[in-house]
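Presented sequentially are two complexes of subunit A, the first with subunit B as partner and the second with subunit C.
Let's turn to the complex of A and B:
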């Protein structure tokens, strides 16, 4: 009898292999690669999501089977979740946001408040805090899903690939995921920042996604949004991912350009590799930042007063990538002069970025307040309530120390003849 | 008569660690305990002192009454009627812990893993293994702990090591500047007061090999628990930050979602779930067994087996009550307003009263103990 019961039990166990109530068959899922969120003046949310079409992935787009690697659908609602659900009205699959790589927010939405809607992303079962937070600049955000995308198939993949390859290579853009964004939002003395994407006209001849967004791309829902009337059919756009969006609490307050963003990355110790070109008339020397370590500190400028003083110390290891014809990199004096020029240029860039945050944004995106909180908690208590105002009026002192340690595989410049 | 199962020292230590680590693995009450800021890691170490203080009365009793089962201890100290009453109090506490833990487990599963699966199905899939292992008794539970808990500790180390590169120790600064001595101690007390695993030693030390030293085992269990807890807490504080982590239902799960390494290790939160489910089942099994054991002893039943299934059924039915099956109820239950004040009377107040009673009656009780030892070993 026990043997028979055991056998029955084992057979019953097989029934479990069919899966639980929450099972999702991949073929019934609409995998979201990226999403674009907008909020209009009437307070209506609009969501456009880019869905991966697995059947068309990997196949040439002009193969004639009529299948595009992605599909974009849009929806509107009074709340973000409602707008997202509305996108699924004419979709025969279940939305699956677990693979979302990027969330784009329009400029006008970001100027209102994007933090309150992050609540949904953290609260919902299928959404999470991994996607990148990106502000989309420009008047026609819907063009995003018609843009050419280099070698990638989807906007989400394009941004993700940029993140993996370019973040440490160019250092003129930031890649901030939702968790980092919210962490900075909650951090004392540090304001959040986000990535910036902009759509610019594409003059290049060919790209892997040339037909994407065109008439044959199969993006029926996009065509039905009426954008053909915008008169931009003949123009091609590409995504320019560069710079940084600065926030003050939950609102977008401005942008840093590429050079200022590099300064931001130097100040926050997030810079990877970067090339700095030193120009002197027609002569150009290119230096490579190998290592950078910045120490920020902030303190009261005068005892008892509310004015703060910001102190920046940056130590850098650099190497020569390209020497101009007049530069002999084997000469110590030349290298010292080059280091001084480099220091001055970086100092100017850093100062420009901090000044912009002080005067235009009035927002401490660099974390000087956080440094004061950590180093001088007693002083921080006096500044805490109005730190951004104190930051805006603060004096800045920048010290940069760089050292050229390597000069590449050749000695004197190759242009010099005996 | 069936032979009394024997537990090895490591099995008992792992049972205690597994039961204690289940809650930090599921949620982080310490993050909301005062001072609720970057100094939380200090609160953890302060809480260890409180755990030792709170557990001392019971630890003394366990040492004095080695070889006695719980009911014998209670009846020897407090007499038959008061001893039974004390046993019922312990039983009710274990029952409360069982129901509360089951409720947290199923709501957690419902929130994070299986949102569409009906509650009855979740309860059924929990209740069957719990009842089976609990019916099998202390030996089986010890062996289960020996398999499950090292795996859980390994996952903690795995997540910690893979997250080391993202640890920003600056998130822990300033140290002790935003917290007062009192706040750190209140937080340490609340966290320490949640620790009820000394009761595992109280119940299961009866099954422990004679040569094992309970004090050493208890200190080992506390040490392993504290280290494991620290390796869970540190990445949360440095990766998420204290403020953001406080908002999360399960900050450790969120942290594990972000663990990546070597370009191919990503989305490894499944390992978190894979470790969490067995360890929470182990905790439930231990509490089910302890509740059954105490109830059966209080009722003079020959075996705990008769109580196991009714307790599982009771726990499951309680979880189905609409009032209890709410996130807000679980939030209240696990908060510092409820849990420490339920645990402290059972882990500290009642044992302290028993200890006082023992000191008043120690001559008579010592004779009983000597007599018992003589029967067990006539050469003594």
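Let's turn to the complex of A and C:
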């Protein structure tokens, strides 16, 4: 009997760990899909969150009577948590941030300091480190939630779906979640980067206002509850997710464009598969990067250990996706020449990206310093304090080795009638 | 004592015998006492109407006795005699078993003739345990048919069928079937001892015996297997188990039954290896779903939403937004509704059975969701649970009880509650024994070749070591 009592006691102890008080009934939750954070010049934070509207997102037979699939609410405050709480004031449900997919930060906010506010996201038990960190370019960030989206119904889902497809398939954008962002921030000799979203005018759907009816569930015209009247109704915007935002410590310092972003992904070995077009006048050859392995290293260029030298070695497996009419893939020499042209183009792109980081950002977003820290800890000690400057005027040495593994199913090009 | 003994004796004259028999059976309408005259004196037949074949009685008893060649020697005249008894109580017992008692003037013994013939169900496929491959026959209510079905499968003198009669009023005949030399003698002794200790007035079904001899009275698992199929019973006997056949029921007990046996079916051995193994794994999955799914889903839905995929949770929020009940109550309500429907479906006559299906499908499946009383995900969860609960029919009690326990714990403590529930469940399973053999014993012995998967038959060289003790080699090494 004492044994049984002891067992009961042990089971009762479990009650301490959790209990009805941590219960969250789904129907009482307002599910945050994505959030937009802003910090103005006066130091006031403002938050706009996108909430799934359960009334509108019905089952297939009940498609929500034309209601918007999401609801956006805003709040302001002197700190991020305060601003977030303010948003909940007009909501009759509890905010639930455990499934947030993306956090957008405005450009002006990112230029100040977004790192210190990440403390809240990690400290609070409701928020976590999963959402993507995205810098929203553009003058009027509030337009984000009126933008047209691809086939998704919320901005959060749109970015999440992009992440699943584009990250591996197009390689012109980076998807950095909060944890990766903060890890980079804390890593020696590597500066953090973030994804970039931009609102551009959408001229494909300039049909006006009558499309607010029930059939446009994919278009997602948001209702605004706390926002000032929208005078820009006539213009439609869409989200363009491309490029990369470079940080220097906690501040945003600039952007890489699509091509430079691909170079970044090559250098950091995060490239999935990507298409590279080699142009020569009218002739275009498209090559596909199957596999890419880059190794970075950095070392002292002189005895005094003042100047650094950056070394990049890239090995790539590529295949021909489209050959121009002059290319005979059966000839080994032709392929060799093609490889050389490809190497040169990749080399130019990589050089362009590194140069930009050196001159414009003065920030080692690629992690050369980290490579030195790992390979040559002795030298790193000397460079550590002023790495950003040493990085900025370091010499660059790039070696690219590529091999065409596959030339496709047909031998001669389809245009060649001879 | 003395008085009773005198009374028990067979009186010399037929009149006295008739009086004695009438005193025993009073005025029971189905007892037939037939007195007639032979050339050597009076004779009297006693039998139960409906249990014997009157034509045979006429041919094999009355005709020889009435013949002019009858010389007064009963046992010579009647060829179908099975015993000669010399006391009234034995006579009574034999008559009640369906035999015919033949009294003869001046004879102190009574000849017992076996001319049984009564209405019984023929051998049919059992209603449960249906199989596609393998024998279709099932046990019947008749003990002798059942033993013959077994004997036809195992033709060895080592197959022993021991009879025990239990029940002061019902005098039910119980047969223990086992194979000498293979059976686990510890288990056999325990079974015999416990059967001998049963002292009740009635045994109506093998379920009575199961409950009297199990050591797990309040447990959800009895440790005793039930089967309606002779091939299953034969296979279990051949692995060293004891079968208990009870007259009057097609449900045969096999002792002991380990936990793993619940996910094994006879067809597993008839089908080829890969299919059988996949089906067994499917049954393991079914068991998990049946026990865990309601509790686990309530725990995740109400406590750990961040664990769900984003789109899944969005849809969940959408579909539960308009329902009044919390998730746990919704699922409990649906489980309750399902059990009510199932109970009604079992009791209903077959002709109106389809009415229940329509009511269940329409009211629960459609109307309740459309009316916003329960959410569609809850219906799907309970439907899946209900379907899987039929995959392992022998564990219905176990799955139902732990399903509710886990539902309660998951709804009140989340995933930690599920963990606590699992600990309780495993503790019970581990500590439960069946006739001295632990229910999970098969997991500690090298029996993995025939557990959640089944290796080819040629590789199953040994009998299950947790049961068979002496003669463990099932298949000799190929030379």
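Methods note: the second predicted complex is superposed on the first by the 361 of 418 C-alpha atoms of A that agree within 3 Å, B and C clash if a C-alpha of one lies under 4 Å from a C-alpha of the other, contacts with A are read in each partner's own complex, and residues count from 1 in each chain.
Here, a residue touches a chain if its C-beta (ideal position, glycine included) is under 8 Å from a C-beta of that chain, and two chains touch if they have at least 3 such contacts.
Not measured: the values here are computed from a predicted model.
When subunit A is checked against subunit B and against subunit C, the one touching more of its residues turns out to be C.
By the touch criterion defined above, A:96 reaches subunit C but does not reach subunit B. In the superposition on chain A, A:408 contacts neither subunit B nor subunit C. Looking at the shared chain after the overlay, A:22 reaches both subunit B and subunit C. In the superposition on chain A, contact of A:11 is made with subunit C only, not with subunit B. When the two structures are aligned on the shared chain, A:31 is found in touch with subunit C, with no touch to subunit B.
Look at A:55: by the touch rule set out above, it reaches subunit C but stays clear of subunit B. With both structures placed on the common chain, the touch criterion links A:128 to subunit B and to subunit C. Contacts of A:272 after superposition: neither subunit B nor subunit C is touched. Shared contact residues of subunit A with subunit B and subunit C: 20, 22, 128. Residues of subunit C that touch subunit A in their complex: 301-303, 305-306, 308, 310-311, 313-323, 326-327, 376, 412-414, 416-417, 419-420, 423-424, 427. Here subunit A touches subunit C in the complex through residues 7, 11, 14-15, 17-20, 22-27, 29, 31, 33, 52, 54-55, 57-59, 96, 98-99, 101, 128, 154, 156-157, 160, going by the rule given at the top. Looking at the complex, you find that subunit B touches subunit A at residues 111-118, 121, 170, 173-174, 177-178, 240-241, 243-244, 247-248, 254, 257-258. The residues of subunit A lying in touch with subunit B in their complex are 20-22, 122, 125, 128-130, 179, 182-183, 186-187, 370, 373-375, 377-378.
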